[in-house]
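Here chain A shows up in two complexes: once beside chain B, once beside chain C.
Now for the complex of A and B:
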């Protein structure tokens, strides 16, 4: 069960012409063990989606470019593999589900055929066995009348049902890692609750590792064991879920938690982080959070703080931490 | 206290051509809003919550008279504006304004901030001179936390939060008493959302504004609202003071909705009520109680009779034959640190 599944080091992505590109992902690194569920949280523009795409080398190129780093999946660096090997890994070892299932599904192909195709690409089993597997997957994700629904088109499904189809497709080849990019953001809360419940059940049953990307700390708190907080293309904090919510170490994480209305019940005013995140073109050499930070110091403008160990399960990138003092 | 705004039996039915109408099939009717009665007091925030398609935005538009109601009445500041003429409506709209979800699409990309914010003033002939115009707009920008120096800029030069401030400045320009805010913070990131919520609350105190706050986000509603109305398939299923509705929700839909919202705190989702199935189409609303197809406690009577919105406590009503306080126990969504 345990064992290193994913090891990301120094992953950097730029957009735009070489040499003058804008860096949207800056030396991101983290580790994931088999069976982990890690949540990646950040606001728009924090680089969380680019990060998830670059793990599978799906960043559109041009304009995007992975400029450095390594993504080691079960000991193999995906970034140095020949591009022709990637389709074998995508969908088979690592599967992905996206925010808007309507744009991720093919509108002119039945749902059953689409799931069947995913199996066909990766496994050499006969058509009858494939159909049986598809029906099993549809039932697994809670789609009623799987036999009839096999021949339905995506537009005949509701948003929640489409997301279930996406999950069925992603899990059809029993991947070791599932990357879910805002899987419930387009759904209503009662439907979101259904999909989260389903992901939890599947995780318990198949021990699939999950990398869940979300802007919603509520969703992350619900399902993840560990959290990575991103700000302006960098990892600013990583911690076990309870540590993050109980003892946030980075001022940005603290501000983010305090701005959530459900955490300040009974208070007159919400805590607010002043200003807005800088655009990628406006980021200087120092800490990107400097202009909004209540604990800023002159040194923060000069260089980027490295990730420092706060406790056994927690790291944060801030010069104001006790660990940063000489 | 007399109500600032009240609606009585408000309804909006859209005629939708059914898929077979070209072959002689009948038309179907989408009942977006039905039999909606509520009141908003001066300086009060009433939140309208529900999932997509429940009719909350349509309700906002009906109140603004941006669309014509199929039935029912809207009374604003003591005047029935249901059949108001164009000039009467123009008068009423000086006192009721709207803030939209996505300021990127509700602000014209080709107009400067000065033009955008001054537009309602211009349209009502309240501007005496160009200098007066700049002066008034500078004051408005200042009150929403923007520097008057941004007047010459265009919306694309602003972040989402700043654009929403511009939208709010335009809405308060004529000194309204009611603002219908349709998902005003849903498109914003959490840290920016807090700024806009605080701003709206500050403006409410300074200007004695009432808000009809339309939102799907219960955490935001819990922070900003005085009273909450929960909608399901075009009808209010529960309405009451915020503290009551959150502490002791009586309608099974409200209970499920509250328990479904993920809380930003680990290990709190143990007793979640997960509803089965999807919301039925508003063109084929179930007979009797429209929630019965997903209701965990539905009985035979629910298919036959529509439960009226009946009082369960002072100022607190729910539309359920079996309305009873929160079976989850009072601490399920209880107070927190």
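Now for the complex of A and C:
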């Protein structure tokens, strides 16, 4: 149950030509224990998807490039492994679910074949055993009439069902870590709730660690125990889920929480963080949140605040924190 | 070809080959051309059983005969039965017309998928080579290579393969590039699939439809080119019968007997037309814009 599963250190990714590339991920680091469910939250362009892709070395290269850092999975640095070893890890030890269930399945293969293929890649079991396993997976993710659905094509499935199939494919080889990149973003709210419920059940049953990427704090609050908040390619805060909601330490996190619409009617305008995130090319040496920050100070322009310990379970990168004062 | 309600109802994302088969079966015009093609193929396959005479047996007693009960299409200047020569000619023409494009499709797809999948320098290098070949019209390239290699059936297969492969490569490359950016390819990589398996299991089935369409059109061209090359003396060598050969032999004897040229010309026309119509039908089925009109 315990023990380090994933240790990410200084992970930096650049896009564009070497030397004058744009840094979209800047020295990201975090730890994950076996059994953890960590949510990664941030707005579009904050680097959360690139981060999840770079864990499996899936960043398209060129134009992308992992320039430094290490991704230690169960003690092995995935970034220094020979590239030819990566396919053995992808799907078997670390599986991934993508955002678009509509296009993440091959339209000319039956659903059963695709799950079967995911098993075939990593386990040498006979065709009959494989089929039995596929049917079991289909039932597990709540596809009714698994026997008939085995031979269905993806276009005969709804979005929610396709995402269930994606989950079945990802879990078919019983991975130790599941990376879910916005798994519910493309689904409507009721289906979203069902899929999240399913992920929670599977997590409880198989003890799979989950790294959930989302821009929706509600989704993250529903399932994660810890949250990493990203802004402009950097980790700005990491906290246990309750701490984050009760006492956000970084002004950006605070802004995010304030932007969640409440259900009461007749309020004034919804809150929004003023401004927009700077383009990756326009970031100076200082804190990327400076232009939008209500607590900004001159020092914020000079250098990037490091991650500071706020409490035992919480870290944030801000000079306005009490911990930052000498 | 106006699509009927049934053709419109064909599921747009069903396996492409199955989709083509269903739509052809439902459309009367495509079906009739398909039947014609099957008939031509059967004639070619069972030529020895069907042909009334030996196609190369000469008879000085019966030269330049007009069509009659014994010789349905008459005889040529050597007294050979024209019908038998046309039937045997179907063998040569079709064998070549199918073999060369199929080999070209395999080779071209290999290069096209490689270029389209990897992109970057791989694509640039393969692409430049394709451009060089594509700069020559197929016929001119064919004549050049045939002149260099000499005549003969297998040389002609080489000629047509070299001429056609870049055309398949271009189609395969474009289709692959479109499929390459689909999320399911990324998902396949993320599930630990290696590149050759991805090409075979995910790319190929998705581009097979376009390749098949192009294949039918190039088969027609191959039949035509075979006739052209044989006519120019660079293809099938006499006395072996091929449709181009029959025309070549018949031209010098046009006033003796026009029947060989007329018959071979008709055979080529019908075959090429059938393949073209079939190719058009298949393309219409696959092109949603045409299909939905």
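Note that the second predicted complex is superposed on the first by the 320 of 326 C-alpha atoms of A that agree within 3 Å, B and C clash if a C-alpha of one lies under 4 Å from a C-alpha of the other, contacts with A are read in each partner's own complex, and residues count from 1 in each chain.
Criterion: contacts are C-beta pairs under 8 Å (C-beta built on N, C-alpha and C of every residue); 3 or more make two chains touch, one makes a residue touch a chain.
The model shown is predicted, which means the values in this text are computed figures rather than measured ones.
Once the two complexes are laid over each other on the shared chain, residue contacts for A:323 go to neither chain B nor chain C.
Contacts of A:76 after superposition on the shared chain: neither chain B nor chain C is touched. Of the two partner chains, chain C is the only one that A:107 touches; chain B does not reach it.
By the document's definition of touching, neither partner reaches A:301: not chain B, not chain C.
Looking at the superposed arrangement, the partner reaching more residues of chain A, out of chain B and chain C, is B. By the touch criterion defined above, A:129 reaches neither chain B nor chain C. With both structures placed on the common chain, the touch criterion links A:62 to chain C but leaves chain B unconnected. Of the residues of chain A, not a single one touches chain B in one of the two structures and chain C in the other.
Those residues of chain B lying in contact with chain A across their complex are 51-52, 159-162, 189-195, 197-198, 201, 216-220, 222-224, 256-257, 259-269, 272, 274-276, 278-279, 335-336. If you check the complex, the residues on chain C that touch chain A are 11-16, 120, 182-184, 186-194, 197, 201-202, 205-206. Per the touch definition, chain A reaches chain C in the complex via residues 56, 58, 62, 86-92, 95-96, 98-100, 103-109, 117-118, 121-122, 153-155, 166, 169-170.
The part of chain A that touches chain B in the complex is made up of residues 43-44, 158, 160-161, 188-194, 196-197, 215-219, 221-222, 241-242, 245, 255-257, 259-266, 269-274, 276-277.
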